[in-house]
Amino acid sequence: MLSVALTKRLPGFTLDVHWDAPDMVTGLFGPSGSGKTLTLDCLAGLVRPDAGRIVIGDRVLFDAAAGIDVVSRARRLGYVFQGYALFPHLTVADNVAYGLRERPRAERRRRAAEVLARLGLAGLAQRRPAELSGGERQRVALGRALAPEPALLLLDEPFSALDLPLRRALRDDLVGVLREWGTAAVVVTHDFTEAYRLADRIVVYDGGRVVQSAPRAELLWQPASESVARIMGIPNVLQGTVIKATPDRIQLRWRGQTLEAVNSPTRSYLPPPGAPLAFFVRPEYVRLIRKDRMVADLGHHMNLMRGEVVHDEDFGTTWTLRIRLDEPGPPAQGAWDLEVEVPHLVYEILEIERDRRWEFSIHRGSIHVLPS
Amino acid sequence: MWVVKTALVCVVLLSVALASPAHGAAPPTLTVFAAADLAFAFRELVPRFERVAGVKVTLVLGSTGNLAKQVEHGAPADVFFAANQTFIDELLAKGVLIEETRALYAQGRIVLATARAAGPKLTALSQLLEPRVRRVAIANPAHAPYGRAAEEALRASGVWDAVKPKLVYGENIRQALQFVESGAAEAGIVALSVANVPAIEWVAIDPALHGRLDQAVAVVRRSARPELGAAFIQFVNGPEGRATMKRYGFLLPGEF
Amino acid sequence: MDLFPLWLSLQVSIVATAITLVLGVPVAWAFGRRRFPGRDLLAALVITPLVLPPTVLGYYLLVLVGTRGPIGRVLDTVGIELAFTWRGAVLAACVASIPLLIRAAQAGFEAVDPRLEAAARTLGRSEWSVFWSVTLPLAWRAVLAGAVLAFCRAFGDFGITLMVAGSIPGRTQTLPLAIYDHVQANQMPEANTLALLAAGLVVVLLLGLGRFVRLRY
């Protein structure tokens, strides 16, 4: 579907990326300043790469070696800019119809009306962008980019300026629209949840380079490295030492505990004993053991640990706990070892506010090893 | 809609602009470029010549230097009356004027003028040093012959260095006069030919103190009607012209 | 009293402003929107007419377009007279006013968000179309301000016009030259009348323009 290879040298920054996206929606995810917007600009033809090749479907938009550089207006891409870049001097209707110049007037009107209706903007057609709310503006920007029926839609942080419920609603709407109109898209975001929700495949950017390109689930559970895990904001990225590694299992030592993690039989990672090993545990997968079931069931409760809640934070629907293990030595993450997330209900039932000492277990499948 | 309105306004404006260019009259005209010191004398002479010759005369006054440059670069002058000879000779050398028509028509005089509002009349150049004289107007010596003569006179009198800080340069002799007339300058050195105005009093300056202001004229080669120019020169140097010039303090050819 | 100078000045400044707009707006756009080698130097050069003494500027122009000048000679062969005609006055007015228009318009173009133009490009518009549909509409106030400045400057030009067109009564003596002439001849009533007319005209023009601008909203 989409094949991108770009090199662009700017003062103080070099973009050098290569990724392919066979899917409908691709997310570009990474910290600010890692080159995601620059990539979109290169795709759109607004910035000329120093070298590389851009192919969408069977159209070559750019090929430095062959001297091909299709001009921006001929690329047939839609671009929703960060901040929307709506034309302040035109009405909503004129904004949406802006890219339809070449069509006969009747068709222009029909298409514009269709887009406005689909995005719920029909009543706002004669307003100016300054009179609209953030969500309305976002939809106008979307409508303007989609009206000319582009082959590919580029979105730069499309929802970052909006409040949460609106963000969710628009996100779902966008997914629906893209699917209905069969438009492929590349979405830039620094919010992993958003990337996960919108994109089938996620390309992770860091410092102008691609550090991982994978379907979203794979990224979620198998970040390619510790730095990718950190970019994703995964908590509990921890350092242990290998005890023994087999194709099925890896045994490791961490904070005085002997932990067992699964290895992938198809892609096993076999570090030698004594080697350092990075791994992560998702906070929602650390299980508190109910005190009325004090006798640990080893078949059920693996990787048992004991510790104390030293800090907790209320996030409304969930609580985040910070646990310090009953082990001598400095904790793994500053003042605590593990971050644990429990639903609000569990927090109340277990009376964690009052009762701070707990046993924990982590299923071996929930300990994810990070290759170095 | 507003596009249409703007376009209409533009069309109206442009048609006004390009329509009647008001370029100036068609009947035989004589364009006379004359040094500023001839302002008053020619204001009398020109209408008379117009009546006598049945010609419309356009009189353009200015500083000799500027006028000379303009004539050199194609100004539509038919005849050029300069305030000295050098400018005429330079233009002759460049082939801009007709050699055969070159003639002297007057010799100018400079006077020391005092603004009436500034108090008692000054009678000597040395009096320019007095504290009540804060500014002294002369024509710009760089391109006005009368200005140069004024400078020469001041130097010859030995007061140039002292008076220099007080000097105000007029673009031409008329502007210098205007400075004194209005009282902006308490005193000035102006041409005798323009000095007889109510607002100033004057005394003559010894002509030995400065170079001769021999004023020459010639017909411009580019002129479409050189005979008209020549006719006007003859008129100025003729009996009627000489009488008028004399009244304005000029010395006439034959007298110098 | 002879009002020829007033009409001449009006005509000259309207034509000069029109020419200044046609020449100056693209230049202002190029300065404000495009980077090219020598741009800053060129922009500084454009300002120089503001800095040079007008008669000096006028003299240089005269040397170029007079009968002895390179441009003057070429125009002569096609029978066009520039110096010492109302066209010369237009030239003088243009030279005087173009820096003002360019500065004002350039600032206006620079203030247009480049992403708006980028958006227009991705939506299929040519550079020309981007300029007319996005850049200019968003900068029109600055361009208009520049045009007003240019008009006023053109109307009031003295030194350059004096040298290039001459102060030929009934032919090239514009209003400022006529006022000056009257002042020099100590004909104050005439001078004052013309000066008042000039001021009054400009006031009427600006008021009218203000209403027209406000009517757009």
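Every chain is named by a letter (A, B and C) in the order it is written, and numbering of its residues begins at 1.
One rule holds in what follows: contacts are C-beta pairs under 8 Å (C-beta built on N, C-alpha and C of every residue); 3 or more make two chains touch, one makes a residue touch a chain.
What you see is a predicted model; the values in this text were computed from it and never measured.
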Edges wherever two chains touch, nodes for the chains themselves; is that graph a line, a ring, a star, complete, or other here? line
Contact pairs, highest-scoring chain pair: B-C
Quick one: most central chain, C-alpha centroids? C
Rounded to the nearest Å, the gap separating the Cα centres of subunit A and subunit C is 56
What whole-number Å value describes the gap between the mean CA coordinates of subunit B and subunit C? 31
Once you find the CA centre of subunit A and the CA centre of subunit B, what distance in Å lies between them? 85
Within their complex, subunit C touches subunit A through residues 113, 115-116, 118-126, 129, 133-134, 137-138
Any idea which subunit B residues touch subunit C in the complex? 2, 9, 13-14, 16-18, 21-25, 31, 36, 39, 58-62, 66, 69-70, 72-76, 174-175, 178, 181, 197, 222
Subunit A - residues contacting subunit C, complex: 41, 44-46, 72-79, 81, 83, 85, 87-89, 98-99, 101-102, 144-145, 148
Which stretch or stretches of subunit C touch subunit B in the complex? 4, 7-8, 10-11, 14-15, 18, 55, 59, 62-63, 66-69, 72, 83-86, 162-163, 166-171, 181, 183-186, 212, 215-216
